[in-house]
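Which chain is which? They are A, B and C, in the order written, and residues in each are numbered from 1.
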């Protein structure tokens, strides 16, 4: 099957300027997204995953944030070069987004039907009546019973799970090429999370869009993503297919993350941990940003930053261990076996 | 009793109820009641970890708060070493609280931002008059090392710490009075996985070293699986299943427990289950369904479930379920 | 909601009692005997005593007050000491004028305040914003009688655009209404600005942007509706100070409204008029507050559950 690239991000840098200095929230992130594919971006709080997703739609709060470098190519058009008017026509139409907090992401004083319909009127030029009908259809599509009645209600009359469905209906109303889902299930209970994931996956099959799924939950990405990018301290440290990443993680950070999860089907006396804490985005070390916490770090790691190396097609890692310069005695595989 | 002290439960909760009466909205409308906790009973043996799991609104946190009388329970008994906390005077309760402590989800919100760690620990020890003043210094240094913090951090303020460190401070404060049992209310839920692992390890180690008993409240099943000996599943203020963890994880009987387990996203493909997608949302606690409160979402519900409240009954010696058809569903 | 409204209506009883009692006591405390003032400068002791007897002024205070309340309950607000006109008629003659003045003032408060607040909030810390907020600060700081005199001097005395005083044509309304509404407009502008700035940082505004909506739709449809909720309360409170303000502004511009009536009555110690005027003013205030609270609860219901 021939792959068709929908979105390509090259060397994205989003910095925040404050009295404390410059925070390099996103610092050279690159990835590609194929048609119909689901890419997971995972990492812990402060790794820059959410800022990456907001940058894609130029929604970074500014000031203090600013996209200072990079390209975001949506079907070969650079979003960063668009005028405000051109950008508006893409937002919610070609790329749309759902957010973490279904409670606060909907306008509390407008009916949910109107919130969906206004986007349809805007991008598809439908009449008020037709747009409303389509909004009701969308609400039906995301599995909310009695959609005609629900459409007239305001967000406070809906449960958290239903609000997130409304967000999905809103995001997909104009059948976008790319859906960015920023922690869409984090605020929800597991049984509701299961419902939401189920709906997103079904709609992807029906509508054929590509998805960028941002989350801290490794279990969620494992279940729904085709490939995964792991972020640490503003950079992608590893990228690969879901299977390869969980079966054979290359980066010591990826491995550390997976190991520190409590296992559901195995008794463990002690969990393995990553010692130390994430470096401050105001003051990253000059070498590898993970070196301080890495059990394999050498002099080289502390002195010089590693590039994102391509190990094989579709598999990349930012670690000196996989470079020609590596002098350390052990490979990680030997250490962890 | 011939079996001796070891088999006496450390904490025994009998038919605990916590009903919240809402302010009337309509003049002649009925009084609205949220039965946040509705007849919960369980016991915890010394040195054991019992977890309460369930989704938001199931009453797990309210149960924890009611046990400590942070919210006054509506009825029921909470026996700590055989003494009923519910009927105690405030004065007696204050004394009893030295044996039972709580750690919250958000360590920052529960630490006074204007007090150094030293002040906070001193205060905790002084209230209970458990450590004579001349020994407090040594005790504080001991506490700090117990939770893995450097003693010089005593002079710092809460905002100078990271989330994981704050949770360690919360633990140190709880430990200051030498409690026998600690209630951990979503204590690791706000932490990143790598930090969460550190805190879970710390809790387990403290339990071993200090003979602690835990009541662990969490919505995260893998965390609960890791830390607990026994697990209690709650739904809409009631216990639906309680069992030792292996029995519960290998043979969940209640349809809700099964759905809950099947919903957890897992990394290992071989353990991935067919997801049971529950219909709809949690019913309003103001107007809970009749009979079995789960019947509105249960794929196996019958007319009996709509009419009769299922009792929590023993399936095996270590496994209790509140479902009319528990045997048929395994 | 019904329960809430009934509770609030029940509060009218203690408010009425409180207001009448306080006004009654204050009027007793201030120096000057109504009988002497009524009788005129050179009246004899006997005339004054007779007058006092006729007006019931030599009864004990408690009796005077309970008599007043008894009559009030029967719908009788008493008669003016000065011209023996029923107080009720005096008030109904003056009230429409004050209501008209208050209406235009609050209109100015709302329109000016909202427009200035929104413009400020769209580009915070811009020249426009800073300029408007300096004007708003002046608006809050200037007492209304002083502002009234300044406006009168500029537009009437110097420019001859508008009449100095009186209440005959639409032109007469402009200066008093602006004077009375300016302070409120300044407060509303500042409140709107801060409320808008808070709202534009909310998640749902980010959602609106992510949908590709046009800037003015985001501001007017998504942000303003939410930002108005706290502004409603402020406007409600402004009504209170507006009623107080009419007393001064009506005096400055010689408008024959309720406010001026009360001031004149205080000067002549016409106790029944003062009592009645203040009572009506406070009842209006109570009802407006109730109305604002109901509005606020309707709007806020959506917010509470978030």
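Convention: a contact is a pair of C-beta atoms (placed from the backbone, for glycine too) under 8 Å apart; a residue touches a chain by one contact, two chains touch by 3 or more.
None of the values given here were measured: they were computed from a predicted structure.
Enquirer: Quick check: more C-beta contact pairs at A-C or at A-B?
Expert: Most C-beta pairs in contact, of the two: A-B.
Enquirer: Farthest chain from chain B, going by the mean of C-alpha atoms per chain?
Expert: Between chain B and every other chain, the largest centroid distance is to C.
Enquirer: From the mean C-alpha coordinate of chain A to that of chain C, what's the distance rounded to whole Å?
Expert: The computed centroid separation for chain A versus chain C comes out at 55 Å.
Enquirer: If you average the CA atoms of chain A and of chain B, how far apart do the two points sit, in angstrom?
Expert: 32
Enquirer: For a test of understanding, state which residues of chain B touch chain A in their complex under the given definition.
Expert: 55-56, 162, 164, 192-198, 200-201, 204, 219, 221-223, 225-227, 249, 259-260, 262-269, 271-272, 275-278, 280-282
Enquirer: Within their complex, state which residues of chain A touch chain C.
Expert: On the chain A side, the touching residues are 57, 59, 61, 87-93, 96-97, 99, 101, 103-110, 118-119, 122-123, 154-156, 167, 170.
Enquirer: Can you list the residues on chain C that touch chain A in the complex?
Expert: Its residues touching chain A are 201-204, 206-214, 217, 221-222, 225-226, 299, 301-306.
Enquirer: Which residues of chain A touch chain B once you look at their complex with the stated criterion?
Expert: 44-45, 145, 159, 161-162, 189-195, 197-198, 216-220, 222-223, 243, 246, 256-258, 260-265, 268-275, 277
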